[in-house]
Structure formats: structure tokens, C-alpha cells
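Got some structures for you, see below.
Look at the two complexes coming up: subunit A is in both, with subunit B in one and subunit C in the other.
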Partner chain A sequence: MLEVNVARRAPALSPVVSQASVAIAQSAPQGRLAFRIRPAALAGRSDIDGFDLTGPINSRISAGEGDGAGRRTALRLGPDEWLLLVGADEVDERSEAIGAALSGAAFSLVDVSHRDVTFEVTGEGADVVINAGCPIDLSAKAFPVGSATRTLLGKAEIVLQRLGPDSFTVTSWRSFAPYVRGFLIEAARHPH
Partner chain B sequence: MLLIDCPYCGKRPEVEFHCGGEAHIARPETPAAVEDADWGSFLYYRTNPKGLHAERWLHGHGCGRWFNALRDTVSDAFVATYEMGRPRPDRDAASQPSNA
Partner chain C sequence: MSQPFRLSSGGRIDRTRPLSVSFDGRKLEGFAGDTIASMLIASGEHLAGRSFKYHRPRGILSHGSDEPSALLSVDWRADRGPGYRDPNNRASVVEARDGLVVKSQNRWPSLETDIGAVNDLLSPVFVAGFYYKTFMWPRKFWDRVYEPVIRRAAGLGEAPETRDPDRYSNRHAHCDVLVVGAGPAGLAAALAASADGEKRVILADEGAEPGGALLNDVTSTIDGRPAMEWVAETIATLDARENVVLLPRTTAFGYYNHNHVCLVERVSDHIADAPEGIARERLWQVRAGDVVLATGSHERPLVFENNDRPGIMLAESVRAYINRWAVLPGRELVVATASASAYRTALDAKAAGMRVAIVDLRLDADCGPELAAAREAGIVVRTGHTVIRALGRKRVDGLVVARIGTDGSVGEKATLACDCVAMSGGWTPSVHLFSQSRGKLVFDVERDAFLPGTAAQATRSAGACRGVYDLAAVIADGAQAGGGSAAPQASATFTGFQPVRVLPTDADPSRVKAFVDFQNDVTAKDIKLAVREGFESIEHVKRYTTTGMATDQGKTSNMNALGLVAGILDRPLPAVGTTTFRPPYTPVSFGALIGPARDELFDPVRKTPIDGWAEKHGAVFEPVALWRRAKYFPRAGEDMAAAVARETKAVRTNVGIFDASTLGKIEVVGPDAAEFMNRIYTNAWLKLKVGGCRYGLMLREDGFVYDDGVVARLAEDRFHVTTTTGGAPRVLRHMEDYLQTEWPDLDVFLTSITEQWAVIALQGPKARQVLEPFVSDIDLSEAAFPHMTVKTGYVCGVPCRLFRVSFTGELGFEVNVPADYGEAVWKTLFEAGGRHGITPYGTEAMHVLRAEVGYVVVGQETDGTVTADDLGLSGLVSKAKADFVGKRSLARPDMVAAGRRQLVGLLTKDPSEVLDEGAQVVDDPGQPIPMKMVGHVTSSYRSENCGRSIAMALIEAGRERLGETVFVTTPGGFTEAVISKAVFYEVKGETADA
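== the complex of A and B ==
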């Protein structure tokens, strides 16, 4: 683990933009850990350092107290792949605790906090704005609250979470962030 | 948009997927013992059927997993999708598509 991660920074983007009923805002810095392990290696354990890994594929489980630091969110993106969301300042602490909890098992845990940028898309019609570039079905039946998946927005790969009926987060690689942000703003500006 | 039934994620749009060519082609255990003609056949010759074709597909912009699919090369219908390592399901081209 690097002691000082100079790359952990947000891209240079202009401030929050709000259009019509849908607001697009950049999230505060967040810790993100790409975690991969074969389900068999978990040996039936559901809880690793407070992260609940039992959710089905393409779901999101948030455990812990409060809203900020202390919340431990696990997005299950594939059969053996999770994206763990933690406070921006507790990445190293969580990495060590997860490593200690899994000593002896084969797994991969990579700090990707600096790789991604998250945008919050909220307000009535947020699903329509995202569907302007995202081909998956965002109806409440197909993509209910608590869903999270990797998919596409325009030409950029994103991780999409649904936090509420009209509340989404869109996470993309940092280098795609200006494109993703511009795409969302354009979509909010020209509803159809 | 064509929906493909990923064995892990369910029905998802085609643009998230990538085709990886014909499935169920086993690499010879000892390549050095294989005749040149057979090696050429392993590398380059594919069946290219009209009708059902077993193919490898990657859900790259999704769960990131490879799986196999039976696709009808005439109608482009996905008749079945199944996990890697499983045998080819016994279906005919008239079967109900998995994405219907």
C-alpha cells in the first residue's frame, strides 16, 4: 500500500450544475475498493469487516451507522466481484482490516478511490436523464431501489446505483468524467 | 434493442456484450504432438453453420464474465445461454428464444 497516494484527487470540473427538475452534482471524495474473491473462499461467511457480501449480483447493501464515515457499502457487480465504498480517509484502515479478516484466503483488494468520479443524479425524471445514454431498463420493477450494476452511459462505462426512486449515482473513470458530466447535463437540458 | 440473457445478470442489452467466436474448441493437450494440418485446423477452421451456433460471449460492460450462447445465425435469436464449462444444451432452431 502506498503511503501517499498523489493520484487521489478529483478532476478539475466546474461546480455543481442544476437543470430543470433533475440535479447533477459531483459527489464528495469517497474511498473505493475493488474486491474480488471466489464465493467458495468466503466459506459461508456473510460479513467481512462489516461489509455484507450476501447480496445478489447487481445489488447494493449498505451496512453500519449514520450517513458518513462508518457506513460500509458493498456493490456486487459480478459473481466474484464487489466494489466496496468507504469514507475517503479510511481506505487504508479498511484494507488492512479486510486483509486481516481474510488471512489465508486468495483474494484481490485494490484501492481504486482515485480512479473513479461519482455524480449524483436526483430529481423527478432522473431515470429518463440516465436512459438518454444508458440502455438498461430503469423501471422500478427491473431496476428497483438498492440495485447497482456496471453498464454503459453513451460511450463510457459506468457503475450505476439506485439510491431512491428518483435518486441515482453514476460512477465513471476519472478520465471519462467530463464526458459523463456533459452527457448528463445535456440530457437534463433536453428532456424527451 | 436485442436483449441477451446473461446467466449471471439476466436480460441485458446487446451493447454490453462482446462475441468471442465459436465455443467448445478445446486446445490440444500436447501441441507439439499435433500434426501441422490438425494444428491449422484448430487455429483457423470454424464451422460457420446456418442455424444454431454455439458461441462464447463476454458481458464486458456488466458482470465481466464469459459465458456460452446458442445463437441462431439466421434469425439472430439467442436460443440458450449457459455458463462456461457446461455442455452444449440439446436444442433445435425452433426452440423458444431465451430473450423472447
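== the complex of A and C ==
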């Protein structure tokens, strides 16, 4: 592998301004793998390369220590679909390990790290800000901490995670990121 | 004193907070809690506007959102500049506050003296269907005379002309029970529904204050105490419950599928010093488990001559102004009624100091305890009387009444002097939302009303909106709808009314104006005329006369209109039917519907990773689907033609660099990937070697071309598919659709990678020279890396999928790098390419270059009715494959018929002439109109490389007509062109196909 000798640049977004209690910030680059496999092909395995795949649809399970390398997060987005989150520099390593673990099974693993941009939406009323454009029920009962789903924010498709009672992430394709960011900031002005 | 009709005590106004507003330039005074209507009445005024058609003086009819007459233009923030004004606000619901500038409408030069009132004298001309009958001939008058005249004369209020500077927000919410209406039924329902502390309850009411009709009520008691004490207690209880959301000033206006109810909350119009940036209105999109409709009822006006004179009001509204706003609508009141409830108005008005008389259509024997109560209070009651007409013009000053004989004849008349009339023709339940929810309405003869029948969704109606009028019963009904059982006791209510459509009169009915629909100026005689002319369905009568079609949707008028039609036809009311209720219940601002979707949030504008560089280098952009793409890069002094000529020349002589990142990309992975490709595309895929690329053509089920693109096989089980820019979402959907519904047996997975990769196209003879220094692990030589192959490796040190492909006919590479690296790699290649004359080019040059060598663009050469053979691409349609999407359709007779339009080139006689894209092609321009069109131009450009204009066209049997002359439409007539092959330029040197 050659040394990377050009700069990496996420979509150019102006600095976030939020007057409200809800903060909107762009996440650091992250490794993302679109993982598809039929449950039957897992043949009872609950864990692939440290990713816990046992969560129900619309949930996230984060395994491993700390925040950095070694943390493995699996978002179950559909019956045969997961989004795996890893460190930005771990994508190749994880891909190889997953491939080895599943040798012989029919599956698809595609690197989408650069496809997506993630925003963190935090603070009291974060749910209200997201509900400005997202039609799903974000009550603690219907969308508890540990939920993750594909849904909509206004006119953009997003993947929504709930990390805490007042802490969400909103992930969209990169070209939708300026819209998503603008939408969230607009919604955070006097949300109540 | 500027409020001569304000009572010295009572009412729900805050006398410690005086305020003033400007009404037609004059100052109106009042208190917090007032509406514009109550302030007008306090000042002794009723005249509030001129009517729609006849410009008759109109006053205030009601105290709620059903007000048809007192419509005002309101400038909500006159101090903040233009754009804050909107028309047709109902004076009865505009909450007064300092700073409002309101104006009456439909009058010129002034409310008092209105020129348009001449229409009232001309009214014999303006009968129902007047426009349809009058503005028929001559035909040439339609556009120039009739339409402008009608447009100027019609309409209510003036539409805003400047941009709305207000902010509007949107919010989705979920609850277990949504209660619409915070009157006694709604409050009881919310109380019961939220009692367990678990169920999420939203209680919305259009008013500023909860309480509904109890706000007008100073006599009813609940559990032995004044009713409003119960309201206050209930609100306090609900407020304390964490599971309840109270939404005042919030109108539920639309009831859609799956208990999706839209509400508009007026957030800040009532706040004098609203903080900058606060939303004006908020659209709530509520998804509710259960909906309780407690929307109350509307009082019916009585239909008699001049029943629209200012000072004539609904009886309950007179009561509301006296009790809730502490204003007297006059000194001398006549209560004209067919309903028991109006007696309460009479009693309260008398108690407040008005002189009161009652005229009741009903006979003594048909009245209830209300009659004795009124007489006991010393009120003269004329039972068995009708109202012949109102006297006065800008204000009622008398009422002519007459006894009705036992045979229905009109007897002895009397004129009752008055400055206010309270009329009541009974009550109409507000079933709008229930009807919108697709629930069935059932006519109830006893209550003379359509009531909610079988519900289509999880919805229950409670209280007056289902014909329950007695207070105790209303509360019990609400509690039950909320899932409870216990309900407090309440004092008895005067209920019951005698249905009446038009009051009996001895006047010539063809000469009197007795209004049914006040806002659209529809009279009883208009409706009679419509029926006489053969309109029998209420839906037809409605459209012909426009009754019920104004902004109030006939809340006060519909039952009178319906009953009138039924009466004339001598049919039972249900046989005439009822009109369909449609959203919105009351007018909703566009702002609330649009919410944040304006300016940069109107639609996402998708930009590529290289967009910033393009912008810095002066690109002119064009929208392509949601993307914005660089169209061309003009240098100083260049127009588009010059820039495109330079860019296209540079590609064929040196090298061009092009941002192709927007191309749709799908990674198709799985053991059955090749089989899947084989079924989706028309051509063969099983034998494509790993590392090979193939141009793929995709059809819809109907056999027409759907999309195309180059596909690379990265591994036995992995394909990198490209699609057109605009086609990316639909191609993925199309593939998923087949995979999930037709071929679930295939082990294949699809992942969109459009945005994972930035794509930089290097095209031209020097493309390899530019790229070579930055690639160390890929042999770029012709032998090692021929046309239509793909390699993975590193470019500029970043991982790359490198395609040897061309959309120009020249030597070409498409460099796919992870998107975050796109701009840096582009810059690196561009800077290094400088010594090779590298030129950035845009989509316009790309289009010209591909046309020069005869490549089609799906969506430009195709329009959904074009086959592969029409495009001359039948070679891409496999004859050997057992099946693929669209195969069967290709055998349909039309698809193989002779004379289909085929893709050819068109060369104008005058090489400098550029045809219009979309221009029609004919064989003989001299033939009579309508001409036989044999084809149309699909693409047309000025080609610098060809030294002339070039065009592509679809022409009937075109491939057999090479060399023939045809005629193409131009803005001025026709021009001559010769049919050619759709290839115009021959690539020199190392070509793409070498």
C-alpha cells in the first residue's frame, strides 16, 4: 500500500452556528461498512469479528473497549442489512477479517466510509429538533437509547441513532450533508 | 370614552392591560383578551367590511372561526417592514394586541362609501350562474375582456405581493390520544384519557383559551359551581400531567390516513414583542393512536330578507360578546329564533342591561322551559312569529315580524325597533374532520343534522359535534370517549329547535335578498333558481351557485342550503346528500404548509467533492436531477459557445478533465451477481472476465430503454455498475424491486456507492501522459490496460478504481477515488496536466463530444418510448439469452413494426445553423396543417471539431432515408436538413476503440 499523499476533505461546510440548547456538530471521519447477509447464512453465529449481530432490526450494539480502535458498532437496519462502524483507519483490516470469518458464505461487504457524513445532535430538545423533519416516534418507549434506523429528515434520507436520551446522530449521504445540517440548525432555532 | 359599549365589569378580558389597534386608520381601544370584533363592538361599530359580490355592508355575524363576513386585512408587524400582511382574517378570531394594523376589505374608496355597492342595485343581473350565462360569446372576448374583468371584480381581499419574511416551522408528533377541541367534551375526554399517567394525550383547541362554549357561559354550573371553575381546575390538572400536551391557538385542519392529523399552531401572532426568529406558525403532523373529535357545533342563521345587515348576529355570538368580552352589541335587542338556546342569550342580554324582545317561530306548545324562564324575566316573547325583513342599511334599525296563521299564512305585522338582532335557526354539528377521516355521515331527523356514523379510522366523536347539546350529557359523552366513566353533574341546558330553511314571508321571493351563504353572497332565490334550472344534486347546486365554497366552507350556510334544495325538490334531506368536507377546516397559510422548505432548504442541492474547485474556477453550473454540475468554464470574455468550442477542441487535441462524480454507482455483490446482471441487462454478462468492462443497456418491463452505463467486473462475485446521473435512484429501485419480488432466490446484494467515489475523467490523446506519473502499481500501456478494462491500485497514493473508458471517443480514463480525496486528486492532476494543455470541461462540452461520435444519452435521445433498435443498438440485445427484463415486450407487434422512429443524424443545409432540440421534422413544409410529423430533433449542437452544426433526431424509418432532405421547424418557419448517420467525427490517433 502506498502512502496517502493528498489531503482528505469532508464536504465543505461552514462552521456550525446554533443559538439554541441543541448543539449540532459534524463527526470526525469514521469507517463505515455496508454489510449484507441473510440471517440463515450466519448459521447461528452471533458475532463476526467482534461485531455483535444479534440486535433486533432498528437497534445498535456497540461492543469493545473505549471509543477508539477496537470498538465495533453494528446498526441493524434491515432483516439482512447492517451498517458496521469502525475507526477511520481500520476499514481494510476489518474487511479482511470479516471476509475471513465468513469464508464460503454469501454476503456483501462494501466500504461506504466516504459516502456518508454524520452529525451529532445533542442537548435538551434534540428529539424535538429531529422531529422537525423526521416523522418517526422518538419517545423513549418507541425509540429508546440504542435505537438506529433508516428514516427521513425533510427531503433527505438519513440513518438515525440514539446514543443517549438527548443525544442522536444523523447520517446522510455526503451531498445531502449541507441540506441536513441547514435543516437541523433551522429547526434548532426556537424549537419549542 | 372610546368604548361606549364596554360593560364596566365582567368578561374574560384583562382590564389592567389596555391596548389599541389601528382599524382603517382609526384607533380602536380594548384590553388583553379582546378580538378585533369585540373591540369594534365595544366602540359601537358593527360595519366591518363589504360583501364579495354585491358589496353590501357587512357586520360581525359570529364570534368564532365560522365568521363569514367580518374579514380583515391584517398587518401583523407593520413596524418591521413589508411582507407581514395577509388578507381574509376573521375579525372574530384575530386576537387584539398593540401594533396590529387592520383594514376592512372589498371597499373603495372607504368602508362607509363604497363605489362597488352599485352591484347591489344591479343585482337582478347577477343571478346564479351569471358568469356562465353572460360571458359566453364572442369567443375572442374570453381572454382579453371577460377574464380580466371577472378577475378584477372577483376575489376577496388582496393577496400579499412581497416575500413573507416570517419563519414557519414543522413538527412531527405521536400520541396515544389526540383530542380536538377543548370545550366541555374535549376537556372531559382529555381528563379521562390521560388519567393513567401513561397514555400520551395531545389536546388542541383553535382558541386562545380552553373552555369552548363555556367561555360564553355565566350561568351553567358543574358540580354546583360556575362552569368555568371546573374548566380552570381541569386545565390545571391536565397541565400537571407529564403525559399531556396542551396546544391552544391550534387548529386541526386536516384528517388523513392512519390517524395522521395536521394542526396549525399560531405561535406568535398574538405576541406584541415576539422575539426575532420565533416561528409565526407551526405545522404539527400528529400520528395518533386514537382521535377524539370534540369540535362542537355551528349555529345556523335564519334566512329572511336583509338578514345580512350589520348588527344581525348569531344568538350565541351575542351571548359570547356580552359574557366573554363584556361588550354590548347594542342597546335594543331582538332575539329571532327557532331554537331554545337563544333564550339564554335573551336572558343574559337582559341581565346585562339590554332591552330585549323575543320572536320565536315555534308555538308555545313546542317550546320548553326556556319560554317560562324568559317570560318570568319580563321579556316579551312573540311565539308563532316569523321575521319578514330587517330594516336599516349600514346597521339594522328595525325588524318587521308577523304572526303566522295556523294555515301558514302571514298575518298581522309589527315593526320592532332594535340596533341588534340575535338569530338562531338551531345547530349544525361540526362533522368536518370526521368526514375528512372518511367516516360516514348519517342524517338524524330529530336533530335535523348529519351526524358521525360509522368511523373509518380509530376516531370517536363526543359532545355537540355528534348532536349532544345538554351540558351534563356533553361532559359525560366526552369522558366516555376518553375511556372514562365518571363525569360531574351539570345544570340543565336549553336545547331543541324547530328546523326552518327560509322564514315564511308574504314578500315576492324573487325580489328579496335573503342570504344563505354570506361570504359568497348566495341568496335563497339563487338556490331556488339553480334548482329550477335543473341542478338537483347538491354538488351541482354548490358549484353553480358557489354556496358553501367560500373560505368558510359554508360552516353557517350548508344546512340551510341543503334543506332549501330538499324542500324545493320535496325530497327527504338525505336524498339530496351532503357535500364532501375537504381540508383545510379553516384557511391555512402557505407558510405553515411550506415550513422550512424555502431558499437553500427548498430542496437539497447536491454538490460533488470537486464542486468547490469548479466554483473557484468560474464554472457556470446547471441542475441535473438534484445535483448541480459544472456546465462550462468560461474564460474572461467567453460566452457559452466560445467556452464549449475551446473545451471540446482541447479534449480532441490535448486532454480534458471532467468531473463525472454524479454518475450513479451501484456495487452488486454476491455469488449470483453475474446471473443477476444477465437478467437485468439486455446483453450477456456471464462471460465478462474479471477486470473487464462492458456497456450495459437496461429496459423496463415494457421493452423501452430505461438506463445505460458502463459496468466493471471487479471480482467473480462483484460488479461496479454505473448509471446515468438522473437515473441513479430509479435504477437502484428497479434492481431492488426485481431482486426482492421476482428473484428472491438470487444471492445478490446491492449497495449504492455513488457518493463513495469521486470520479475524475481524463479524456484526450494526452490523458495517459497526465495520469502516468501518479500511478505506480498499474501499467497504463495499451497492451496491459486496453479500452474497457478496470484496475484497482493507487493514484496519488490513494486507493483507486481506475477505468479505461471513454465517452468522447478519445483515449480516456476515469479515476475513481474515495470522495474525501476527490478534490486533492483533481487538483494534483490538473496542476500536473498544465504542461499538456489540460482543460477542465463541463457537461455541455461532454454532450457535444459524445454526440460528435454518436453516443446516445438516455433521457435525451430517449423519452420512455424508444427501443434499443430505434437507437441502432440492437446489437446489445442478446438473442441467445433465455430471458431478461423487457425481453417479452420486444416481440410485441408495435415494437417490431416498420416505420418506427430511428436515431439518425441531421445536417443543416446551412452549416452554421443550429437546430432547436425538440423541433419537429416534416417531409413537406407546404402540406396543410395539421402536418404529418415524421420525427423530432433530440440533440443539437455547434461542433467546433466538425466545423459545423450537428444534430441527432428520431425519424420514421430514418436509417433507410440517409441522404434525404427533410424540413425542421424553426421559430420562424422551416429549415432544410439532410439525414445522415448519427456519427459526425472520426477520432484521429489512438482512439477509444483501438
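Heads up, the rule we're going with is that the second predicted complex is superposed on the first by the 179 of 192 C-alpha atoms of A that agree within 3 Å, B and C clash if a C-alpha of one lies under 4 Å from a C-alpha of the other, contacts with A are read in each partner's own complex, and residues count from 1 in each chain.
Here is the rule we use: a residue touches a chain if its C-beta (ideal position, glycine included) is under 8 Å from a C-beta of that chain, and two chains touch if they have at least 3 such contacts.
Computed from a prediction, not measured in an experiment: that's the story for all the values here.
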- Message: Contact-wise, after the overlay, does A:Leu77 reach subunit B, subunit C, both or neither (first, second, both, neither)?
- Response: first
- Once the structures are superposed on A, label A:Pro29 by its partner contacts, choosing first (subunit B), second (subunit C), both or neither. second
- Message: If we overlay the two complexes on their shared chain A, which of subunit B and subunit C does A:Trp173 touch? Say first, second, both or neither.
- Response: second
- Answer with first, second, both or neither: which of subunit B and subunit C does A:Val128 touch in the superposed model? second
- Message: Taking the superposition on A as described, I'd like to know which of subunit B and subunit C A:Thr149 touches: first, second, both or neither.
- Response: first
- Message: Taking the superposition on A as described, I'd like to know which of subunit B and subunit C A:His190 touches: first, second, both or neither.
- Response: second
- Query: First (subunit B), second (subunit C), both or neither: which does A:Gln161 touch?
  - Reply: neither
- Which of the two partners, first being subunit B and second being subunit C, lies in contact with A:Asp111: first, second, both, or neither? second
- Item | When both partners are placed on the shared chain, which of subunit B and subunit C touches more of subunit A | C
- Message: Can you give me the overlap between the subunit B contact set and the subunit C contact set on subunit A?
- Response: 135-136
- subunit A - residues contacting subunit C, complex: 1-12, 19, 29, 34, 36, 38, 80, 106-116, 128, 131-137, 139, 142, 154-156, 173-176, 178-180, 182-183, 186-187, 189-191
- Going by the contact rule at the top, pick out the subunit A residues touching subunit B in the complex. 57-58, 77-79, 81, 135-136, 149-152, 157
- Message: Give the list of subunit C residues in touch with subunit A in this complex.
- Response: 167, 169-174, 200, 275, 277-279, 285, 287, 596-597, 600-601, 603-609, 612, 626-627, 667, 669-671, 747-749, 751-757, 776-777, 794, 796-798, 818-821, 823-825, 828
- In the complex of these two chains, what residues of subunit B are touching subunit A? 1, 8-9, 12-13, 15-16, 61-65
